[in-house]
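In what comes next, chain A is part of two complexes: it sits with chain B in the first one and with chain C in the second one.
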Partner chain A sequence: MQTIHQDTIVAIATPQGEGAIGIIRLSGPNAIHLADTYFYGSNLLKAEGNTVHYGKLKDDDGKMLDECLATVFKAPRSYTKEDVVEFACHGSSYILKSVIKLFLTNGARLAEPGEFTMRAYLNGQMDLSQAEAVADLIASNTASQHALAMDQMRGGFSKMIAALREKLIEFASLIELENDFSEEDVEFADRDSLKQLVQKILRTIRELKQSFDYGNAIKEGIPVAIIGKPNVGKSTLLNALLNEDKAIISAIPGTTRDVIEDTIQMEGLLFRFIDTAGIRETEDTIESLGIARSKEQLAKANIVICVSEIQEDHPSIVQEYKALGVSETQHGIIVLNKTDTFHACHAYDVEEATSTLLNRMPVIAMSAKEKTHLGRLQKELVSVVQEKSKPSQTIVSNLRHYEALDNASTSLEKVIIGLDEGISSDFVAMDIRHALQYLGEISGEISTDDLLDSIFSNFCIGK
Partner chain B sequence: MQTIHQDTIVAIATPQGEGAIGIIRLSGPNAIHLADTYFYGSNLLKAEGNTVHYGKLKDDDGKMLDECLATVFKAPRSYTKEDVVEFACHGSSYILKSVIKLFLTNGARLAEPGEFTMRAYLNGQMDLSQAEAVADLIASNTASQHALAMDQMRGGFSKMIAALREKLIEFASLIELENDFSEEDVEFADRDSLKQLVQKILRTIRELKQSFDYGNAIKEGIPVAIIGKPNVGKSTLLNALLNEDKAIISAIPGTTRDVIEDTIQMEGLLFRFIDTAGIRETEDTIESLGIARSKEQLAKANIVICVSEIQEDHPSIVQEYKALGVSETQHGIIVLNKTDTFHACHAYDVEEATSTLLNRMPVIAMSAKEKTHLGRLQKELVSVVQEKSKPSQTIVSNLRHYEALDNASTSLEKVIIGLDEGISSDFVAMDIRHALQYLGEISGEISTDDLLDSIFSNFCIGK
Partner chain C sequence: MFPKYDVIVVGAGHAGCEAAVAAANMGSKVLLATMNMNTIAQMSCNPAMGGVAKGQIVREVDALGGYSGIVTDHSMIQFRMLNLSKGPAMWSPRAQSDRMEFAAKWRQMLEAHPNIDFWQEMVRGLIVKDGVCKGVLTGIGLEIASESVVLTNGTFLNGLIHIGEKQFGGGRAGEKAATGITEQLVELGFESGRMKTGTPPRVDGRSLDWDKMETQPGDKNPSKFSFTDTPELTKQIPCHIAFTSTEVHEVLKTGFDRSPMFNGRIRGLGPRYCPSIEDKIERFADKDRHQLFVEPEGRNTCEIYVNGFSSSLPEDVQYKALRKIVGFENAKMFRPGYAIEYDFFPPTQLDISLETRLVKNLFFAGQINGTTGYEEAACQGLMAGINAHMAVNDLEPFILKRSDAYIGVLIDDLVNKGTKEPYRMFTSRAEYRILLRQDNADQRLTPLASAIGMQGMEQRLIRVNEKEQALIDIEKLFKKTSVEPAKLNPFLATVGSKALDQKQKAINLINRPKVGIQDVMANCEALEEALADYSIDVLHSAETKIKYAGYIEKEQEMVDKMNRLESVKLHADFDYQKLPSLSAEAKEKLSTQKPRTIGQASRISGVSPSDISVLLVHVGR
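And now, the complex of A and B:
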């Protein structure tokens, strides 16, 4: 879809609030003319692209709004590939609002959220997944989120999808050709090669889909559930990890009823810790509701910290862990808590023995209260995540992309079945076309207005 | 004071928070070199001033921090009159912090609040009162605050002070010359002309000092006290003016005990409304504390709205008003409230009669509860302020300037006394020197490090 934008849009491009500089961005065919009309100090119409000019902005009545800098970008050498003027004003909300008002009453339109980036996409500056990465980049708060968004913005993922599509398109055109000659029963497309290709593409898509779990966790925070029997110190551990008093702690078993969660960064990774009600048989209705929620949270977590009170009797700890119901795909870490009150034998002996009984699963003896060996637990959490990520691999972090990949793989599986069952080429062609469409939606080669609206409405104003 | 800055400073120049664009500002002798070292896409060392360049920022390990625009300003054509580079990055706090960190670890220093503007002042880009206006401009939220700050930034006030100083310096040098010839009893400076000049300067200073009341009120919000007996509807009136339920209202006299205040803009002016406890004799300790505070607030207000319940008996309303103790210099507005419950005769008759008895003072019959004629009160408030301001006049809005003017006038009054009493020229010269120093402090021709620190520490970072 290529749209020619006849209107000129305007927005404040810097965050709200007082600051040294506030930026007003104009983009569209009339941007330079409009800017020049109210800017005194330099002729912006005659200005070269990528140049900065000092001057005064005055309104229709000649009242001075600000002394500012105007930067001129000429199409197509601008973010939107249109003519763009950016005013760097004094960062007063009054001034910025007055300048916006001036341009709105003189022919510009207030930009929708993300509209500058949407124009960049529509004018071929970037594809849709790169445009989406711009929003992720702005929202990034950790090194890992930043790396994910930056990678996607630079187009690694787009190139991969484009390559898959290209190969499929080639075969699709051969099969479509067969349909034109359908009465003559010819096969231009070699069925074995097609099947091999589709299987290869399916493998790639499967890998990408698998990366989503990790990608999404990086973006939203890696969910870590803290579970265990009542009163083993789960809330104390949460507070120690967050380094604040988030959860109310007491010596009374069952103090925590709600699911309490909060995020913290460690080594550039965002962890979302979830403290849960201790799991036990209880008569207390509210507590048992809490326990039901604990089990739900447990199911959603990528990493599960199972907290037990340290004791000499190793097998009982092991049984306790096994009874909690951690799934195979989750990473479990055993914490043997309260080493501060444990004097019977050396904590490391218990740790070692437990680890052996649990097939070398990580076991950490520590005191959440005294923060003894808290660092070992933090290190373990970081290394679990780092092991999962291979820096070379393309990682899917966007739910929309995941769903498109999922749909594409369903269609391709139908292609395989069709080929195996020798069904007619027009049905095979239809499934391939569907797969192509789903893949095309990721990069935006195929897009609808509704899709674009839903994507760009999540952007901030001025981008 | 002219300082040569050997170090290069860096700061984020846009407000905190996510946004389309975040700006990092570098200023100092090493700014362009430092920027160029980590910027890939264009050679900034060879770039001309006032040009914009697209490229990538990478850290010491070659990790890409952002794709961004770099604007190069070359000394002296920059805000600080030093070499300046501004990076327009994606507005992610993670990216901005990473870029700042990169420059800090490679020789730049984090800028103090207002340090860019301080350098602009020290390098002669603007004088001190203009620099102060930059901070006022950024903080401006209303049209009137904006106009005040803009006027000061453009130097109208500075020129006025400079002209006063120039004339004084001329005479001062003649008198100092007399001191060199003190044994010979000559008079180079004509005493009568000097006295006339000093009196003229004193008049100007007096006018400027008088404008401070208005200027300061514009800046901080024009204080309007709402006073009256208990239960006449003062809090209802406050809520109506603010258009929200700020104060708790009830039919019980004495509901309001604390002084409640809030600001609202009308016609580009900021009003600070102060609701007070009803003034009456009371046994209630807390209430009587509140009443004491009401009286304090009343004394501070520029405008006083005296609220009474409307009644047919005009003289009693007038007596009530007179008993409240509004001073001569304050603008009083009488509100005859509760017209919704008043059916005896036409409200305007009472209004007219009261106004006549109070020497044509503005009287408004209205219902705060029903918001009847609220607009008339609002209009009255705006016109009281607009009458006070003469657009052509220079207005002092800065307490530091006011104090300097006050000190200067004290010294100049001593000069007059000295001339009248015919005291020796070296004493007269000393008083003139003092006056010159105080006036010089306003524009910063005379300044100390302490003064500069105290002024610029009120700025935001990055300006």
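And now, the complex of A and C:
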């Protein structure tokens, strides 16, 4: 197959740094020929597609560079739909650089960031949202990020958008019927059923929009804030969770004057912990700055761990919790810390009593210092997230997609207002068209130059 | 015998007449060749101009200096603004014309033009040298030289008329078909196709029982088509509404075995949105009645057009079925309905200027391009006439964008997507119809016509400027004038709008749904006085401008966004075969249709959005 690009590109396809193996990828019309010229072991020109060959790579002077495996992909059955050869070499950066240099001096060009994927897109391998998903896939570090990117790449999201578009087009046609054929003897859909139809579409879009928070959290790490009065052991708890001494711990209240962040992976989920300065009234200006920032961070968190020192008087714990101002949309977990200084046998009773007073919200009595019952807290965190996501649910994780959905739903809300207020159908139809156009932007059905530019510049080298 | 012409227009229907006038008003020397000078500007089908989307086109033609609007205003016997309840973009003027007066007025206006000559004879061929059109060849063997030719042959090219099992050559009932041109063009490499259309029977108005039908009068305050000073319509003649019945349908069915539609005799494709009565019965078997519009053919005739009863069934079946319609019990038939098949040339063979890609200086307009309707034909004629003049003078073609006019939408659709059935305009074909209103056609297009040097535009441009100033003044007035609750509240109650509890700026009221500019005026003396001198049309335009400002602005943004793609030029010699990532279909379509811009390429059927992305990347965007 002849492809759009006449040149052959090469790049190291594995991350920078030393690894057990390093992969070099060649793609383009001359890839197989070029690879075969320097590969000694078997004849790659005669190799079938999708086959692996053992051999040696030698440079122009016949000096051996490495022993390696060469995988041959034939157009169009390759990632880029072009001829592709991948060399799995030993992972020394010296070897990899020598091999790249060999190909560069013999006709290949160094691939630009994202160029392999760009070729895949241009050669019709994938649509725009699939191509973006590849970028996410490459950058995915956790199992759930990976599953999300895989789902998008397989076109699950594209299909859903296509189905939405179809429904919208159906709706639009009902409105157009009235506009263009008012003089004809036909029955028109009544306003109420039109409204129901839009509302149904709008619900689907809203669900997708809501999934963005979760989808984005998976990509960026689910934000968890740790809050509580000063010196209840928030930093100790963070360190226990992270297993390191990140925050400065001291017995002086107000030691943590700024927000400290770190991420940790638990059961394939990425959590981004935010330790905050204890929230209290203070005269110390630096500390009060820290408190203001804490409140800001608190608002952004999906999960809030509220730390209190355990005590017999559970109503005052409840009061303490309520004073922290955790919003209804956030998932709160109460940690009753310092059980090491408490009668162990009473801890469970306090936990139970506190939870009962707070509508059965999760309450965990533990010791951050001794790391007792830390596992319960970790399990609780994971289950909160898993509850929010049902498997196979389509999740939006891309900001561009989110914006398009947001615009589409704004247009559709206008449609409903229009129908309610008796706005004439030409304007109602206009809002529907806009909604359609916005949805089209997701799957790349309406493509603009800047759109492409920004997408492809987000790719890292070697996919 | 002949001087050398700049433009020869072949055919004098709606497309041909507009083409001749447009080229002549651009300054070209024009010859209008027609087979019969007595049938210039015939309304071959129903005696009406305009309608939904079509009315907007007539206004656009008028704004660009065409004559269809003026002729209609002079010859109309009834006027209605359709879709008044649907919002300003949907408002569509429609007029019932006096058929004979319409043709007479056209001929008079053509004859009044010093740049237009006439020749009555069939044109049977073109003079083509080295891929350039140099004139025409007539039936008696005359060669008439010209710099360019516009073909507007309508249904005449190898026209074949069907009435039941009878079939005979003809371009219209009683008129000969034209031969020779199709054959020559096919030899030159053109692809031709066959289309079909039909017309209903005409009956004797004296034989109808009008009391049994519903009356459909014209508007109380009839408007007009032309932006110029044409006469006001005074004495209107109503139309009537009748219905078919199961009884009528049963009679019609007795002729189905002799119907050329059903026995496969007619091969050309007819329009789905304008089916024959037998088609309606067959396809919508569950409907037990169909609406018919009973339209007068003129002031001085009793001939009646039965709109909605188009048929190619045998004449005796048509007659018997007509007489089963309530009010038609004693009907006498003047002419039977018939179907006609004719040659057309898929319009994807045209450049967006309407010039053919195979032969330079040859232009097509009207049904030859696969369209239907007087309005669609007229606007193509106008554009072909202008562009023939442009080509002769080596000037850039005059192209209207989809965001400029329905005319732009129509031509863009035709040359990029082509058409399988006769193409008719609908408002839904125009993505920016909020901007393409009948009320602002002059503001949109007259400046463009003036800029290319169309004759007679100076005076019109002054008017457009006056109108725009008036719109600004009116808006200012509404912004500064306050209205009293006591005066307005009784009216607001009648439309279910919230009562005022204090004085309000008038503009806030217009922004409410169901409240119009005239409603506010009627309840505010200061406004009524200040606006007394403005015409109703200007007041309506002002209302639209104020009330829908948000929508209009949003739509304009969309246009600007799209126009970015329209500004990315593609060279005619661009080698699409070199881009393997294009689909095979896209490669072929782009190579043959040679779009001028990426925007145009994006609308070619078979060119997908991913193909467009490939092109964008390739041209370095």
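Some points to look at:
Keep in mind that, in the parts below, the second predicted complex is superposed on the first by the 311 of 463 C-alpha atoms of A that agree within 3 Å, B and C clash if a C-alpha of one lies under 4 Å from a C-alpha of the other, contacts with A are read in each partner's own complex, and residues count from 1 in each chain.
Methods note: a residue touches a chain if its C-beta (ideal position, glycine included) is under 8 Å from a C-beta of that chain, and two chains touch if they have at least 3 such contacts.
Being a predicted model, the structure only gives us computed values, none of them experimental.
By the document's definition of touching, of the two partners only chain C reaches A:I423; chain B does not.
By the touch criterion stated above, A:N123 is placed in contact with chain C alone, chain B being left untouched.
Touch criterion met: A:Q437 reaches chain C, while chain B stays clear of it.
Contacts of A:D180 after superposition on the shared chain: chain C is touched, whereas chain B is not. Common to the chain B and chain C contact sets on chain A is no residue at all. Within the complex formed with chain A, the residues of chain C that make contact are 51-53, 82-83, 85-90, 290-291, 426-428, 431, 433-434, 513-514, 548, 551, 554-555, 558, 561, 564-565, 579-581, 583, 609-610, 612-614, 616-618, 621. Interface residues of chain A facing chain C in the complex, by the touch rule stated above, are 1-4, 118, 121-124, 127-128, 176, 178-185, 421-427, 429-430, 433-434, 437, 440, 444-449, 452.
On chain B, the positions that touch chain A within their shared complex are 11, 13-23, 25, 50-53, 64, 66-67, 71, 73, 88, 90-95, 98, 116, 134, 137-143, 145-146, 150, 153-154, 460-463.
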